[in-house]
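In the two assemblies presented below, chain A is common to both, partnered first by chain B and then by chain C.
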Partner chain A sequence: MRTAISGLDLRRATSVDDALRMLADEARTPIAGATDFYVALNFGTLAPRRFVDIWGIDDLRGIDVRHDVLVMGALTTYTDIIRSPLVAERLPMLIDAARQIGGPQIQNRGTIAGNVANGSPAADAVPVFAAADAVVVLRSIRQERRVPITQFYTAYRTSVMRADELIVAVEVPRVDGKQWFRKVGTRAAQAISKIVAAGVRGASPKFALGSVAPTVVRAYATERALASGTPIEQAALTLTREIAPIDDVRSTADYRGQVAQRLLRRFWSETN
Partner chain B sequence: MAAVGNSVPRKDGIGKATGHAVYADDIVMPGMLHGRTIRSTIPHGRIRSVNVVGDVPGLIVVDHHDIPGRNVVDLIEQDQPFLVERDVRHLAEPILLLAHEDREVVDAVRVEIEYEELEPLFDPERSEGILKSIDIVKGDVEAALADADFIVEGTYRTGHQEHVYIEPNVVVAMPEEDGIAVFGSVQCPFYVLKALKSLLGASAHIRVVQTETGGGFGGKEEYPSMIAGHATLLALKSGRPVKILYDRGEDMIATTKRHPSIVRHRTGVMRDGRIVAMDVDVLLDGGAYSTLSPVVLSRGCIHAAGAYRCDNTRIRGRAVATNTPPNGAFRGFGAPQTEFAVEVHIERIAEELAMDPVSLRELNALRPGDTTATGQVMGTDCSAHMVLEEAVRRTEFRAKREQYRGTNRSIGLALFFHGAGFTGSGERHLNSKARIDLTERGVRIAVGSTEIGQGTRTMHAQIVADALAIPYEDVEVAQPDTTLVADSGPTVASRTCMVVGKILEQCAMEMKDRLGGMSPADYHAKHGGFSVLRKYEPPDWIEWDDHTYRRDAYATYAWGCDVVEIEMDPDTLEVRPVKVTAVQEFGRPIHPALARGQIEGGTAQGLGYALLEHVVMRNGGMANAQLTNYIIPTTLDTPEFDIVMLENPYAGGPFGAKGLGELPIDGPAPAVVNAIRHFGVDLREIPAIPERLVACASR
Partner chain C sequence: MRFTLNGVATNVDAHPMSRLLDVVREECQLTGTKEGCGEGECGACTVLVDGDPVCSCLVPLAQVEGAEVVTIEGLGDDHPLQHAFMNEVGAQCGICTPGMIMAALSLEPDASIDDIKVALSGNLCRCTGYSAIYRAIMKARQP
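Up next is the complex of A and B:
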């Protein structure tokens, strides 16, 4: 642990209101499963010093369908997702994603709100949410608001979320069409995505990618091309204009660009 | 029941399984300080000033002025300092040492260093700093090339590899009897002793103890001498015990890696497939200091012509200096690099001749009576054909290769060998000793050979038990402590079974004579204890010339043939090994389960080297120094193994055993890349990451 632990201030919230009051009082970073928190702690890159632990708030757990919308509490873990018949029925591509995130230990602790809030462009659940038109439910002591995941991020690891807000749920409306998910991590397990994609093949196709830009990319132009019957080869070229991959320690811009096109073609042929 | 040949319980098994085993980080002493190493943040330059910011009560600060003896880590050359005096030659080079009772306090100390920066050199092909060069000449290569029907040329590259032992480096130093005791996760306690003698002066009391060690793979051969020196300096200055524990990031950035290589081949071949000339050029990137590069180059060059007979061979090798952290020992020690090159090159020769790659190997592989590149005559312990034939037969290699043509599946093969023990006259110079003591309960083995997970204690106890004809349970193994055990040489070079095991066998036979038929316990009760100490006697036929690199490079060789079946994802070009058949001959397994573990582990590590393990270097340092981004195989990436242990006993080893530890890592990388070739992808570099395959495919 390169971060000095004695310098950290952690408070434990017992209810959503308790957590919201703490967030209203002073800037604190909510933590739940702490799977990303510990990585930063270990590397000495942890910037925040004050935290609120929301892991114990059971009101933020649970998977339900209300008014034909799949509602997942903020603290829904990947294990919860993998075991949920409702997710299996309505959003099976999220189960595919959940199974490939970390190992069982991470799946038991990592939460969907954490995956969204951490803001990593390589987050595996986020392209699924983007392709499914998911909505992030944000609550503060003053108000509750709903932000589509596609409008949630404003830049690399930056979002519209305010300091006093907490993600309380993720809502996913009914998804029409065949769902598809693919993670490219090169190792069979415990990998961080070099590129990750999710798609829905319905009346209007949807396609989203991670690790190809500073934030998740919903490929609207590509989707329009596909919807209008544009040949897949041409749609793949459109896709290259919607992404901005980079070289980093995990992969190269060239590889990500080429594989993004190939994944689009695979999505299209496999969901036909 | 005989112990040798049976998979008896490990001597270290219960302690490790129950958590009772004491690792160095488990050691906590009253008043102990936590040490921290301040390292260079530039790859090349001169230090102008060093300033510890603020006044931190209780902080111990050590720089090179605090060194009582010589500021060099005494190994082969005397070029690497414990602490930089002025010249920085690589990133993360140790400059200053700090220690404090509170780890958070010492971690928070700021040290400002001003540098005069110099242009760094990272490209080994542009380096003029020759750390070692080697020339092996047999016959007349140029004449034979001129007469050959074909000449096939090629350049092959391999990258760094990180050891990723599960336990990072850790050392505890404690003042003791006007001197120092060092406890650490080390492979070679007597190497640490030698380095500390140079640091402190020969008259100092120094004791080095190996604590339970979580893996080494060569990574704890030389670097622990550096850390032990640092902890010792802090302990002597403070008069208190000091622990230095590297976290994974520091361990990956600062310590040694496998040498990257560039190997060029120019081979003369006749129409019928006979290889008549091999011209090989080996370049190793040594990093900033010599460390073990001269001997890594030596082993690399000796294995560079592969397991093949060729009357005209020239192998020229250079290890050169660059401004990166020094590269060092890693399982295989130069051979995985050069055997990768030669085995991919042989595959390309088969392609050029439109010849079956197995037939080409069958035609040229060494047989008893043939000579190697150094002119060593192969004896009946040469098993190249035996392993090749068995691997091809049991995998139905030829049929599968045809069957997979045009699919996303492929199969590849590599034939390889590995010399056991130190090179040439190395074992004679080492003059290793081993000792066994008669005790009240039985016999105690007292050697400096370390258990680092590979099974040293168990295997040595088996040999001693059977040679004495006593139960395995009656043999105990002393913890390596340089004041208490015999210097049996370093735990490296696949020598711990074949060489040290042999001395122990002789010790046991001598003890058995003296016992005169009595059990150890009865003898001890009647006459008291005694010890038997013996030295290693290398086979008397070994001839070796260190200058010309001629004749008997190793007492014997172990042989292997790996067949790897792979699948390639058509979209991502990710290659997944599906099945590996590893046919290996290493004399005779002393402990079949441990031997199988060595082969499985070495093969998995070789698959990582081949496919996943990519050290990304930026500004002379490892940019992906985290296990999240330096990708090693998980169990899900490890395919089905068919491990075949063939026997061809070597008379000079205990119970016929040769060395095994390194052999398994020589084969997987070329076998994988040869399988990738069958897809029509001309890749000549590892790791075969999909980014490279995409680039290759679009060329």
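Up next is the complex of A and C:
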């Protein structure tokens, strides 16, 4: 392990209010299932030094439907999602995504708030949230506010979340239409996505992609093209103008550009 | 930090952000749990925390306070899975074996071969090609 933990400071929050007070007092990074942070810890690339452990806050757990909105607590794990009849009924594409995130060990610890807050453009749950018009609930000692996931990220691993805010829940309104999810990686389990996509085929189609730009992309122009009856081949060309894939260790810009178009065609044919 | 390790009340004086893996191996001297990748990809360090398999390389010590932790040593040396892994040659170099067995413990009695593959999807083996491992787990489940 390359990070000296002696220089790290961890405080454990016993309640949401307790955590919010700590975040208001000084800059601290919330830590939950640690499935991203401890990778950085091992690599010696962990930037923050002060943390607040929120894993023990049971008020941040639980999946519920309130006023026809699916409300998932920040600490909802992928295992919780896979086992949830409410998610199966309302957001089955999130279950498809959860099953392909890591393996059972990661699914038991990784949380939806962690996936959102970590801000990776390859986050597998985030395209699902984007295609489902999910809302991130942020709370600070001063206020609570709701930010649509499509307006949450401002740049690579950068978001509108303020230093004193904590993600307390993710809310998903009723999804109108057939849901679709596809992850493309080197193998089914334990792989980081080369490209990942989620779509909803309803009266107004929705399509979101990960690993094709600095942030997860909601392909609005492509959606408008599909909604207006534009042939799929032409819509796929529109999609290439909405993404900005790069070459990296997992794939190439060229591959990602081609596969993004194929994923759109698959989405369209498989939800017909 | 107090927790239960293999059924025994344990109190460890270590940094709260210590990896559970290091605490188990170094403070508690239980070296059956292996470090493979150190990034949650290989499953070699799998232990059970309150019954759930987790990668102990990604768990801060602070988060197991009051929890029940079970490592491969907690199975003793006469567990059906251990015998089946030996009899079916489900272990070659052996580094992945403790993690494989800990992951397999979570399977229901009526698990199918597909269930076994899913349960073990977080565990990598570079020797066996997995067939002998799946066979061992199937055999261990037969009365």
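FYI, the second predicted complex is superposed on the first by the 272 of 272 C-alpha atoms of A that agree within 3 Å, B and C clash if a C-alpha of one lies under 4 Å from a C-alpha of the other, contacts with A are read in each partner's own complex, and residues count from 1 in each chain.
Operating definition for what follows: contacts are C-beta pairs under 8 Å (C-beta built on N, C-alpha and C of every residue); 3 or more make two chains touch, one makes a residue touch a chain.
Every value quoted in this text rests on a predicted model; they were computed, and no experiment measured them.
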{"item": "First (chain B), second (chain C), both or neither touched by A:G102", "value": "second"}
{"item": "Contacts of A:V249 with chain B and chain C, given as first, second, both or neither", "value": "first"}
{"item": "Which superposed partner A:Q234 touches (first chain B, second chain C, both, neither)", "value": "neither"}
{"item": "Which of chain B and chain C A:T158 touches, first, second, both or neither", "value": "neither"}
{"item": "Chain B versus chain C as contact partner of A:R266, first or second or both or neither", "value": "first"}
{"item": "Touched partner set for A:S204, first chain B, second chain C, both or neither", "value": "neither"}
{"item": "Chain B versus chain C as contact partner of A:A34, first or second or both or neither", "value": "second"}
{"item": "First, second, both or neither for A:V184, with chain B first and chain C second", "value": "first"}
{"item": "First, second, both or neither for A:T14, with chain B first and chain C second", "value": "neither"}
{"item": "Doubly contacted residues of chain A, that is, touched by chain B and again by chain C", "value": "1, 5-6, 39, 42-43, 188-190"}
{"item": "Footprint of chain C on chain A - complex, ascending", "value": "1, 5-6, 8, 10, 12, 31, 33-35, 38-39, 41-43, 51, 53, 55-56, 79, 102-106, 108-109, 188-190"}
{"item": "Touch list for chain C against partner chain A, complex", "value": "15-19, 22, 38-41, 43, 46, 52-55, 57-60, 62-63, 103, 106, 118-124"}
{"item": "In the complex with chain B, residue positions of chain A that touch it", "value": "1-2, 4-7, 39, 42-43, 184, 186-192, 249-252, 254-255, 258-259, 262-263, 265-266"}
{"item": "Chain A-touching residues of chain B, taken from the complex the two chains share", "value": "104, 107-108, 247, 249, 570-572, 574, 576, 612, 616, 623-624, 626, 628-629, 631, 633-634, 636-637, 689-691, 694-695, 698"}
